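Two complexes, one shared chain (chain A), two partners (chain B, chain C).
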Partner chain A sequence: MALNWQVATVTALRDETPRVKTLTMFVPGWNAHRPGQHVDIRLTAEDGYQAQRSYSIASAPTDQPLVDLTVERVEGGEVSPFLHDEVIVGDRFEVRGPIGGYFVWDGAAADPLLLVAGGSGVVPLMAIVRHRAQVGSGAPCTLLYSSRTPVDIIYAEELDRLAARGGGLRVIHTLTREQPLGWTGYRRRIDMSMLGEVLAQTGTMAMAFVCGPTPLVEVAATSLVGLGLAPSQVRTERFGPTGA
Partner chain B sequence: MSAPPRTFRVQMSDRLVTRGFVGRRGPAERGQRVPPGQYLTSDFPVLSAGPTPRTALDQWTFGIEGLVNQPVSWSWAEFTALLSRDYVVDISCVTKWTKLDTRWHGVSVDTLLEHVELDRKAAFLVAYCDGGYTTNLPIADVVNDQAFVAYGYDGAPLAPEHGGPARLVVPHLYFWKSAKWIRGVRVLARDQPGFWEGFGYHNRGDPWLEERYSGD
Partner chain C sequence: MTDQTDQVDQTADTADYPDVDPLTLDANAVAGILHEVFGSEMTGASSRCGHCGNRAALGTLRVYDRDGPGIVMRCSTCTEIVIRLMRRPDGSYLVDARGAAYIRF
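And then the complex of A and B:
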């Protein structure tokens, strides 16, 4: 079955952090995605010039035909500055998907989950967190999330709220560059000893999903295997230095 | 009084102009080298589905098996003693980046296949890798110097995150066909989808035809 281009209309825009924005798209007839999947978008200029990019879906499948994309602004990029600075509610572009079938979590399994995020790598993991909450999954879930500074934490309030609900979600932040006064949490990049401590508190994980910049993914995935997870339990998605 | 339901007019067409989008075009000659829907990058993004496998070179072998008269297996020392050469090729990843003039060193698949006699039914192969990754290719897409197994990149040994110690490179197809951490090929009579091909990606993956996903 072909993945056809569909028209997406922007229905809402939300600033998540100074560098990250969420676009809500209305896509009639959208096939519900599996949490973790992404979409391709295509922008067309008046003269027919086109640009395509891939973005992870941030929303849960039950929100369809509304689909949220959370986009980090890449300075000097061709597409993300346009999405940040130019797009207003009512604008339209094309989208096709959902795409990808390995970095996904359906909510059927009750086994514990470990999510490891760096920066905007939290986006596909947020789709998992939201889906898990919406379907009332009993799978214990730990999100270890690395951000530079407190204002760079994407979905900060929603994560706090979901963790406070007592539904088995634990959120552990590490702030690598700047911490608020009185911060008692981690203040360094994710490493093997940090992952060891997290696993010690949560027990053996059935499945780990790691998403972020390549160095973080390399360290986290290698460490998790070193800590006893089978390579097949560790699924990764990398946000390269490009991706503008 | 409640607000009327919000409606959006939707039209399907081959070309939907996005208000205000101009884009950034390169020089016209770029079009000759950058496939449709791709953008140029100068760095080398890393993509893979799982942890980076690390196999010690003294444990490493490369095999050709399946529909061949006699399977063959090379150790690392034997493999790197095979006739090899430098390659300068453009590569395109289905995630939209294209990188020009990448410099590799490796062994042509033609050279590897000279060491076996293919069964006359042989038409496809599946590359198999450390970590369990696989990808399928018609034999016609890897012979006549269209593909090589690389163990050098930019004058240095190929780094593990880029597929070292050795990866397949098939520059005329999307880069998921260029299997990282390759350990051999299985020769088959019938096509058999590999890892991403089983998750909705195109079976062949020609970037100039934009064969990204199944049905493209």
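And then the complex of A and C:
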């Protein structure tokens, strides 16, 4: 199936954190995505100059033809500051997708899921979490999520709500730079001993999805294999140097 | 996946992981280009490394996509080059996949 550029219209904008925003796009005729997939966005300036970037889909497939993209603002970037500062409801740009067939989870498997996120690496994992809740999947799911400070936690309220619902979702936060008073959770970067403690609770049969800055993904993926998961049980999405 | 070519101050973070090349990506990052070139979704396609024989989804390949016109994709096991992809100025692509024993899709 050919991958064609389609016109998306922005229908809503929502601030998630001071540096992270969600854009809801309406894409007529959009093929339902698989949780974990992304889209390519193409912006064309008046002089014909084009810039293209990839952004993960945050919403569940059932929301189509509405598609949520959650975008972190990267200072000095070409596209993310534009999406943050310039785009208003009603704007249009080109998208193609959904893209990817490896870093995806369809909800059919009942194997325990381990999701490991650094910063905005939580976005494609949130599509999995939302899909899992919507289809009533029985797969136990643990999200280990590293953020710098409490205000940097993306989807904080929704994650709290979903975890409190008792549907087999556990959310474990680690806050690497600043913790609220009385914080009893992790306060360091994700490492092997932390993953070992998490795995002791989920069991090593988990299918793991790891997404975040490359150094975090590298450490997490290597640790998970060291802790007994087969490499084929660990799917990774490194997104480069952008920090968590 | 996020705004990959944008970079922020990561001196402190990356210094904690001296052995990690912070610019390494997964093949997922070029899934759109692979789809364009091969005409179908490729990251789930299975392949065999021509160097070490590792069998895995193309999505496991490590991707190095810097400022140049080329994209280099390496085996996650032996780190040898499996596929090289070059965007040509006329919009066409040059694909060198001699590092793959096969790609099934």
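Here, the second predicted complex is superposed on the first by the 240 of 244 C-alpha atoms of A that agree within 3 Å, B and C clash if a C-alpha of one lies under 4 Å from a C-alpha of the other, contacts with A are read in each partner's own complex, and residues count from 1 in each chain.
Criterion: a residue touches a chain if its C-beta (ideal position, glycine included) is under 8 Å from a C-beta of that chain, and two chains touch if they have at least 3 such contacts.
Predicted model, so just to flag it, every value in this text is computed and none were measured.
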Superposed partners chain B and chain C on chain A - clash or fit: clash
First, second, both or neither for A:E78, with chain B first and chain C second: both
Partner chain(s) touched by A:V219 [first = chain B, second = chain C, both, neither]: second
Touched partner set for A:L3, first chain B, second chain C, both or neither: both
First, second, both or neither for A:S56, with chain B first and chain C second: second
First, second, both or neither for A:L227, with chain B first and chain C second: neither
Chain B versus chain C as contact partner of A:L13, first or second or both or neither: neither
Which superposed partner A:Y102 touches (first chain B, second chain C, both, neither): both
First (chain B), second (chain C), both or neither touched by A:R235: both
Which superposed partner A:V135 touches (first chain B, second chain C, both, neither): neither
Among 4-12, 76-84, 148-156 or 202-210 on chain B, the segment whose C-alpha atoms clash with chain C after superposition: 202-210
Intersection of the chain A residues that touch chain B with those that touch chain C: 1-3, 40, 53-54, 78, 99-103, 214, 218, 231-232, 235-236, 238, 240-244
Sites on chain A touched by chain B in the complex: 1-3, 6-7, 9, 11, 26, 28, 40, 42-46, 48-54, 78, 82, 86-87, 90-94, 99-103, 214, 217-218, 221-222, 224-225, 231-232, 234-236, 238, 240-244
Residue ranges of chain A in contact with chain C within the complex: 1-3, 38, 40, 53-56, 71-72, 74-80, 96-97, 99-104, 120-121, 123-124, 189, 211, 213-215, 218-219, 231-232, 235-244
List of chain B residues in touch with chain A within their complex: 6, 8, 10-12, 15-25, 36-39, 41, 43, 45-53, 95-97, 131-132, 161, 195, 198-200, 212-216
Chain C residues touching chain A - in the complex, by the definition given at the top: 1-10, 13-14, 16-17, 20-29, 31-32, 35-36, 39-45, 56-60, 76
